[in-house]
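What follows is a pair of complexes built around chain A, which joins chain B in one and chain C in the other.
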Partner chain A sequence: MKKVIIIEDFCIACYNCEVACVATHSRSEDPVKAYKREGLRGRSNAVVEVESPVAFSVMCRHCRHPWCMDACISGAIQRLDNGIVYLDEGRCVGCWGCVVGCPYGAAHPNLTVKDKHAFKCDLCIDRLEIGLKPACVEACPNRALIYDETMEKRAEVHTP
Partner chain B sequence: MIKSEYVIVGANVAAVGAIDGIRRHDTKSSILSISYEPIGSYSKAMLAGYIEGAAHQWLEYRGKGYFDRMGVKCLIGRRVTVLDIEKSRLLLEGGEEVCYKKLLLAVGGAPFKPAIKGAENKELVFTFTEFLDAQKIRDTLKKFNDVAVIGAGFTGTEIAYTLNKLNKKVTVVELGDRALVKALDPKSSEIAESLMRDEGIEFYLNDTVEEIAGDREITGVRLKGGKVIPCQAVVTAIGVIPNGQLISGTPLKFDRGLDVDEFMRTNIPDVYGAGDVVKAVDITDGQKRSLPLWPLAYQQGLVAGINMAGSMYPYAGGLPMNSLKFLKLPILSAGITTPPDASYETLSTGDPKNSFYRSLVLKDGRLKGFVTIGAIDGAGVLTGLIRSKIDVSGIKEKLLYKKRIGLMQLPRDWRNKIFTRRDETAYHD
Partner chain C sequence: MLFKKPQIQYYPYIVQRDDYRCVRCLGCVEQCSYDATFYDEELDMLWNKHEACVGCKRCEAMCPTDALKIIPNPSRPYEHQSWKWDLVMDAYLQANTGSIIITGIGNDKPYRVSFDHLLLDACQVTNPSIDPLREPMELRTFLGRKVQKIELAEAEGGNITLKTRLAPQLQLETPIMFSAMSYGAINLNFQESMARAAVRLGTYWNTGEGGLHKRLYPYVNSGIVQVASGRFGVSRDYLKVAAAAEIKIGQGAKPGIGGHLPGEKVNPDIAETRMIPPGSDAISPAPHHDIYSIEDLRQLIYAIKETTRYEKPVFVKIAAVHNVAAIASGIARAGADVIVIDGFRGGTGAAPKSVRDHIGIPVEVAIAAVDRRLRAEGIRNEVSIVATGGIRSSADVIKIIALGADAIYIATAAMLAVGCTLCQTCNTGRCAWGITTNDPRLARRQNPDIASEQLYNLVRGWSHEMKEMLGAMGINSIESLKGNRLRLRSIGLTEKESEILGVLPAGE
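And now, the complex of A and B:
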């Protein structure tokens, strides 16, 4: 299965992935409107971590056996036939089981609104369906995020 | 007579895990799930929402079509009365016979009911573990205003909080000296308790209910300490113990839990166990015990299912995890939160207003457990560190003080495996 591969040596901490993620998951699909009007600050599914000079962006690894799914009491998190670990925000009851279960910290709690729920990367399932790459990958200027088969099938990808 | 290759007694999360597991390797054979409960498969962890007024369909865990999609037949509202191991069959209420080739006992837990004087023959004495309990509470909500909850564990505090939200006057009586003793350390118990007191819930600690007073209708509870609390209803929520009802009288090994090995097999060939009924390995100390927790029930079910379908796939062991979802401030914990002896190291920090608190428990440089309140994003990284058993002595300060814990603090090699490999989690069978 193709996933977003993270190559930390290439990350320049530009945060374009976060902006692209917020924009593509917003109603307006416009980054400025998404942040200013839709209140989506902090709602990126990809999170950039920086401790200069090291930086990288982390999003859901779409595990074959997701810890988050085990912990999900409402059935909001399911693994789709195409391998995507999908969180249906409408069914999420905000129990934070996925937040405490995910070893990569890739399931996030939305604590800011009244209707509390978790959110996580959906691998841009809507974009994939029309032949596009995930938004974060497309936005990454230095190929620190690539959408491809993982290392086992792609030995030529450079990582230390 | 009904015949099925796989028979699962139970239909909730452990059963769903098992169905997922079986179907990974065997897409053809027949699976039958039997449950005495009237609504089939549902999420027990969401029952509080049902009491608050949600429709029972809302409790459906995998959606209506799940069993059909997975090719599973269900007998809903049917109770298994006899387990006949010798003949590999079950008898249902009414005498019908069900034959199996492989059997999974996912019969769950039963509420532990202490012998309290005056508890018998009263309508408004409840437990809170399954749908019928929740239904009973919901249907009688109008009949009481004051309620005593016995037990301040997870179930007790959740039902207390729920009833309080529904404008009942709630008093919690707990034998121990603090609330949520299993899930939290003393300081976080104090914070959780004060959050609940702020909502109007009263606590009586170091005390217990000796008598439920009243003839048919409850008038109050009398505590050991002498105090009498007027109330019209009582919820006992002392804990859940493995349900051995069907198992007693069979050659299955059961001692405070159905004994299973790492493949979730019982001592009888072709009979497996998963969920709240079993006693399985707790990874924090390697001991077998009953850990009636949602994610573990799913994982055990999955492992049992995979193995029932012919594999030999080991259970990674259970890690206790808790999320107090109902409180105003989110509280998450995992592993050992209160060190049992002095060989453990405890670190804690917080702000004076108690809007943030975190404690870590370490042993020999390895993370064994944590509590985090207020700042919870990334808390799963700590859970992952407990599971991976890597030395965190060099990064413990950062794990303690950084509000959002990320992967930056972890060893680079470890992190890069996750970034570039297919899968680093357990159960990638």
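And now, the complex of A and C:
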């Protein structure tokens, strides 16, 4: 399965992945409107972690055995046939089990609206369907995020 | 507000932020290596310290919502025709610091660029032009000493063999090489990018005076290693593994001036490559302390030739200065295979501004003078001439070759290909584009995978354009253009200037 591979050596902490993620998951698909009118600030599924000089963007690793799915009490998190670990926000009851369970900190609690739910990367499932790469990969100016097959071979980013 | 000297307030750039478009992603804060941008959590606002901005436009380039523009500060005092604003600012700066003004990149003063006053010829009716997309067009260039004549011998069985022993040659698929920029002045990612691009293009890259890093060993067959006055990283193996060795006497941006990599920039990796203790100042003296004459230079050239068993060409690089032709003649007689002439618009990692802006002569004039002098003395075939320092486009390459160069080096153009915006702060070691810095946070901004592609594209594009221009002139090989000043005409130059360049005025 193709996943987003994080090349830590080349992340420059520009946050373009975060903005692209928010924009692509918004109604308007425009970054300014998404942040300013749709209240999606802080809703990026990819989060850039910076401890200078090291930086990298973290998003769902779409584990083969997702611990977040084990932790989910409402069945909102499922592993789709194509390997994508999908969180159905409508079915989420906001117990934050996945938030605690994810070893990468890639599931986030949405605290900004009344109906509380968790959110996480869906690998831009809509974009993949029309043959595009995930938005964060496309936005990365330094090829620190690549969308590739070789994920399973990389021991350091793979859950057993 | 803390007190600051009033002159600091006359900063050159303003960071203009469209606050509505700004989504507070904080990318600009992280990107700015000059601490000109900061986030105010209390107000949820991004602010700028305009006086810290150097105008590198990194934040503008990386802003995902196009909320930033770096604009020149419109506030100017009365525009004085003699006291140009940069002179006023320099006087202010020196009044505050009392030190030499150090800067980077090349001469930015409005001296006449002769390239812009030269026009190329084309074929019409009486001789056919050539379409390089349909007919063969050769940019292949050989650098090295050429023999006066060759003798052939017929072996048994009718095979023809060469009796004359040829001097070592470098084969370039395009007459554009990457100039010397040392590890220390630039970082390894960018150096590796140049090395990879050179290998892919079939041309050469230059290590600069900072030695050869282990990571670049795979590319050394296309590498030219430099021997400069500091002798950093020079060893027998260093000379033997490379394609050629280059003795650096001078640099166009700072003729007569040495180099100084401050100790704080000499990290363990640079120290190992340069073969000096970590943290010690890497000082390249102004002269080579063992070269005080052409005879001394000859000794070093032949020492290198002995070391490399006469299998590698030896380059000698000098800055273009007033009597460059006589110096070049001496270098040719000292046994150099290639003379590199670096014009006064050449770049530098750090040089005193007074030296950068006022010493030396333009490369186009220097090449014309050197080519004419060597021809007059009948020794032009004994050396190849490489021009560098101020070559900005494919047309410049064609023009300088028509003026007598064999090939050129690019460095500033190579940096532009990977993002440089000519902000002239290379000397600070805080290059926000990650080119002239070894800060691990900044150096990672050059991904060799991307940068080598950009460099490859630039040289490939130039080469295509050169083929088109050669085709228009009805020439199918760059060899036929070398020193072919009849294909040039000058426009807007004085008679004397045209005479020095050896070209006729337009219309004649």
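Throughout what follows, the second predicted complex is superposed on the first by the 150 of 160 C-alpha atoms of A that agree within 3 Å, B and C clash if a C-alpha of one lies under 4 Å from a C-alpha of the other, contacts with A are read in each partner's own complex, and residues count from 1 in each chain.
Methods note: a residue touches a chain if its C-beta (ideal position, glycine included) is under 8 Å from a C-beta of that chain, and two chains touch if they have at least 3 such contacts.
As the structure is a prediction and not an experimental result, all values here were calculated from the model.
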{"item": "Clash or fit (per the criteria above) of chain B with chain C on chain A", "value": "fit"}
{"item": "When both partners are placed on the shared chain, which of chain B and chain C touches more of chain A", "value": "B"}
{"item": "First, second, both or neither for A:13, with chain B first and chain C second", "value": "second"}
{"item": "Which of chain B and chain C A:100 touches, first, second, both or neither", "value": "first"}
{"item": "Inter-centroid angle chain B-chain A-chain C after superposition on A [Cα, multiple of 10°]", "value": "150"}
{"item": "Touched partner set for A:52, first chain B, second chain C, both or neither", "value": "second"}
{"item": "First (chain B), second (chain C), both or neither touched by A:139", "value": "second"}
{"item": "Touched partner set for A:32, first chain B, second chain C, both or neither", "value": "second"}
{"item": "Which of chain B and chain C A:70 touches, first, second, both or neither", "value": "first"}
{"item": "Least Cα gap, in Å, left between chain B and chain C after the two complexes are fitted on chain A", "value": "14"}
{"item": "Overlap of the chain B and chain C footprints on chain A, listed as residue numbers", "value": "50"}
{"item": "For the chain C and chain A complex, residues of the former touching the latter", "value": "20-21, 23-27, 30-31, 62, 64-65, 434, 439-441, 444-445, 447, 449-450"}
{"item": "Contacting residues of chain B [partner chain A, same complex]", "value": "17, 43, 45-46, 49, 60-63, 294-295, 298-299, 302, 321-323, 325, 330, 332-334, 376-381, 383-385, 387-388, 404-408, 412, 415-416, 418-429"}
{"item": "Complex interface listing, chain A residues touching chain C", "value": "9-16, 18-20, 22, 31-32, 34-36, 41, 50, 52-53, 55, 139, 141-144"}
{"item": "List of chain A residues in touch with chain B within their complex", "value": "1, 3, 5-8, 47, 49-51, 54, 56, 58, 61, 63-71, 73-75, 78, 93-109, 111, 150-152, 157, 159-160"}
